[in-house]
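Have a look at the structure below before the remarks.
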Amino acid sequence: MVVYQTSDLTAASFSVALFGLAATTVLLLMGAAWVGQKWRIPVALCAIAALIGIGSVYEAREAWLAGQGVPVVYHYVGWSISMPLQVIALFFLARTAGTLTAGLFWRLTVVSALMVFVRYLGEAQFMHPTLAFLIGLVFWLYLLGEFYFGRMDDVVRASTGDHLRRGYFWLRLIVTIGWAIYPLGNFLTAFAGMVDDGSLSVAYNVADILNRMAFGIAVLATAFLVTEESARA
Amino acid sequence: MVVYQTSDLTAASFSVALFGLAATTVLLLMGAAWVGQKWRIPVALCAIAALIGIGSVYEAREAWLAGQGVPVVYHYVGWSISMPLQVIALFFLARTAGTLTAGLFWRLTVVSALMVFVRYLGEAQFMHPTLAFLIGLVFWLYLLGEFYFGRMDDVVRASTGDHLRRGYFWLRLIVTIGWAIYPLGNFLTAFAGMVDDGSLSVAYNVADILNRMAFGIAVLATAFLVTEESARA
Amino acid sequence: MVVYQTSDLTAASFSVALFGLAATTVLLLMGAAWVGQKWRIPVALCAIAALIGIGSVYEAREAWLAGQGVPVVYHYVGWSISMPLQVIALFFLARTAGTLTAGLFWRLTVVSALMVFVRYLGEAQFMHPTLAFLIGLVFWLYLLGEFYFGRMDDVVRASTGDHLRRGYFWLRLIVTIGWAIYPLGNFLTAFAGMVDDGSLSVAYNVADILNRMAFGIAVLATAFLVTEESARA
Amino acid sequence: MVVYQTSDLTAASFSVALFGLAATTVLLLMGAAWVGQKWRIPVALCAIAALIGIGSVYEAREAWLAGQGVPVVYHYVGWSISMPLQVIALFFLARTAGTLTAGLFWRLTVVSALMVFVRYLGEAQFMHPTLAFLIGLVFWLYLLGEFYFGRMDDVVRASTGDHLRRGYFWLRLIVTIGWAIYPLGNFLTAFAGMVDDGSLSVAYNVADILNRMAFGIAVLATAFLVTEESARA
Amino acid sequence: MVVYQTSDLTAASFSVALFGLAATTVLLLMGAAWVGQKWRIPVALCAIAALIGIGSVYEAREAWLAGQGVPVVYHYVGWSISMPLQVIALFFLARTAGTLTAGLFWRLTVVSALMVFVRYLGEAQFMHPTLAFLIGLVFWLYLLGEFYFGRMDDVVRASTGDHLRRGYFWLRLIVTIGWAIYPLGNFLTAFAGMVDDGSLSVAYNVADILNRMAFGIAVLATAFLVTEESARA
């Protein structure tokens, strides 16, 4: 076993992300059994996104401790599963307030998966980095467009529940801010020729804490508050 | 630990398959508790097929990272369990719409297990590769025949549920297309003397994503939609 | 990690047994929650027997991959737990049809545990191999006697359920045929001086697939069918 | 991996204990959901004692396979958790028949934990071995006194349930006989200067099978029988 | 594997903490399903804090067995998750007795997370140790202030339940005493230049047993007693 030292901030951030994701996973898995029937799917999807995060963060930490830096593919592997899962979780969360078409579901799923895949192609030099960066950006902006101006926003806005509207507002904000770090990191390594000496991994870990933990817990909290609200009404 | 690099597409595809299968397994295991009683068995069987996939993909990835290519037996070991499981899942899915004989169950189970076994015998040179390929092909065509023209198709066609018919249509299509890659890969390595430099494993991983993940999730979605439908009726 | 090749039939049979036992374990653990109250215990015991099989087959495979053959103790360790469990499962299955004495329970448990222990003593040369073989044989015949001519058979015969009788018939047959391979293997290594070059392990794995998987699934299927039957009546 | 041979009785006894504890753990965890509400706690505590046993036996086996004997601390680490758990399980079992004071709970917990701790201090030469042995003996006799002549015995004796009385009788007997091997082993290594060449570990493993497995299963069986009895009444 | 000897008190304390945390985790996870609806969250949070403890204690033990002492970061990684979890558990426990503002929730969460983070910065020399120590102290005192004189104390005091008041009293005491060891250890390493030769880890393990195990079990016991009390009333 490789023992990391107290001053190794990168290893510490990986470990905190690892344990935090484990805590989030168990909480959300238990929470999925506590919330109302409509809310089980979004909570379960967030639990699974956190679970996948445990695996990918663990492997990224192993790579870091092996002393050769963390190839960025270790991050992309986890995102390729967790990002679509979170977009779908937001979809099912909005669907608790009204009907959404299957077409929207497929667009969100495919675009979020392609966004991660195209960025990976650019980072791995299988595609021209600039092109990949721009396509990834377009996909990301499309997703934001759906969240802010699309049918999901309409449905949530029209809902009677106060907590649902507030929950959707915060979740969208987490996705907007938290996911912005990925194109930024992509930009820095692809154009500015930055090599990950550990600081990029720290940034990604902080983003993951926001995106995978705060996002999932916010979904669970929204589910609880909405359930309470409707029980009172 | 062996650290793989960003440009190692084969390792990346193994890792994505690994995490995707883990996500599918947890979702289906949870889903099996959410669907109606008749639907628990097909959903559980798909969950188990995905779970087995985690183990076999993990070991195949380890073999790949050990740097000696992936002996094709690593794929066959997983298929020997997951393929019969999926055929049986389709059987129990069709059985939610009407009675099916135990004889059909046994034929499907035995033929799907033999199909994988015979192909393995060919690949391992325990049997003449051409003969093994042809026998495997016959078994596959028999299964397709049962799915398209057999009693299962009759029962589903006669069902009142719109969603069941559509679900069966898509699942059959996944099996038709997704499973076609296995005889193709078998053909290429057995006749064309192709040696797996990683690209065949990528192809198998993509096929596994389709067969083990998309298939299982489609079964779960069908179960949800049919349950909703019958609740409304 | 040791990578095994496609032509290593012994390693392949270990891996198939491993994944098959994992699939069986999960299916039976889930199934124990689905069957009627009386049936939970036999199904759970079969699930546990399969779970123990995962551990012992995994360790036996590791020993095989380490390249020194599989010391037969690896098989005995698993059997020492799984065989008594299966005998007790059959006892509780028969008990769903009528009362059985606690004395019978203790005789079956002790004799099945001693049967495995005595054979091990013979294989390890702690006891004269011929003597151990003969005592083991007597214990096995005693168990078969109880299954075919004892109180369990009477109780099942007297039951009204068609499916229970048929299930008991098949389970007894599995135990009769599947367990016959163990004294045979014991005989071959103890008397004929056979050294396990892998083929004996293949035979034991095939027997394990029959005894641990088929047995457990047959118990689950019987439980389902009997529950359905009594719901209809 | 270290492969142990068929004639290595110590490794075999560790492996049997390992698999047996795993089987017991799963059975008791499942059983805790099947028994009446009052019985969940004692059954769950026995399940946890068996679970802890898996971990400590696994590590002791690893130490044995590393070829340097098993430092006795590996046994004590497991006992430090499992012995108090079992004493508390017996307390809660007796409490199903009547009220017991919190003071008794605390005395039993503290004395059983101290008994293991003091013996460890003696074995590790942190305390004079004779003194530690004697203090440990006094603690053990105190526990036996509580079981045979204390409030727990009164409560159980006064209970109407036949099965509870019989269950308590057997559990107390298991603790009396099974736990006697620990001060005996302690005596042999501390005074007679015995060095563990594996035979002491075999003895401890046999005792563990009695204490952790038979004890837990007897608690579960008592819970079942009492529940049945009170359902009939 | 590294085998530790009987006289290695540090390794023994790590192992006891490891198995004790595992036992606590399973007990609390099961207990979360047994208590009333309001009590599920605090019990679940304590279960998760214990679960995280398993991971961090395991890794700290591995570091210790690797023979280079335990870098203090291994402790901080676990505390960064478990301390906020326990503060939030206490918050939700008090909330069973009356309404508490979301603002208090956020203050407790953020302050407890910052307390651990600032101490880590000091230990890792990323911040001046004295400054970090003092800021950490202020945060700790703030938390104690909330527990003793804040809204949580008011709410619990005003509650009718005797057991809730007593439970809160003990839990607060555990946090007061048990958490005092952390600033003490921080002080010793940061100012007195103490280097951890194992004895500090022993102290931390004893504190962890108090904080993570006793705390969680006390929450579960309170939940049981309050539920019983309100069932009787």
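By letter and in written order, the chains are A, B, C, D and E; residue numbering begins at 1 in each of them.
Operating definition for what follows: contacts are C-beta pairs under 8 Å (C-beta built on N, C-alpha and C of every residue); 3 or more make two chains touch, one makes a residue touch a chain.
To keep track of the chains, here are their UniProt names: A, B, C, D, E = Bacteriorhodopsin.
Here the structure is a predicted model, which means the values were calculated and not measured.
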{"item": "Length of the shortest touching-chain route, chain A (Bacteriorhodopsin) through to chain D (Bacteriorhodopsin)", "value": "2"}
{"item": "Euclidean distance of C-alpha centroids - chain A (Bacteriorhodopsin) vs chain C (Bacteriorhodopsin), Å", "value": "46"}
{"item": "Centre-of-Cα separation between chain E (Bacteriorhodopsin) and chain A (Bacteriorhodopsin), whole angstrom", "value": "28"}
{"item": "Two or more partner chains touched - positions in chain E (Bacteriorhodopsin)", "value": "none"}
{"item": "Chain contact topology (line, ring, star, complete or other)", "value": "ring"}
{"item": "Sequence of chains encountered when the ring is traversed from chain C (Bacteriorhodopsin) in the direction of chain D (Bacteriorhodopsin)", "value": "C, D, E, A, B"}
{"item": "Chain B (Bacteriorhodopsin) - residues contacting chain C (Bacteriorhodopsin), complex", "value": "29, 32, 40, 44-45, 47-49, 51-52, 55-56, 59, 62-63, 66, 68, 71-73, 76-78, 80-81, 85, 120, 123-126"}
{"item": "In the complex with chain A (Bacteriorhodopsin), residue positions of chain B (Bacteriorhodopsin) that touch it", "value": "1, 3-9, 11-12, 15-16, 18-20, 22-23, 26-27, 30, 34"}
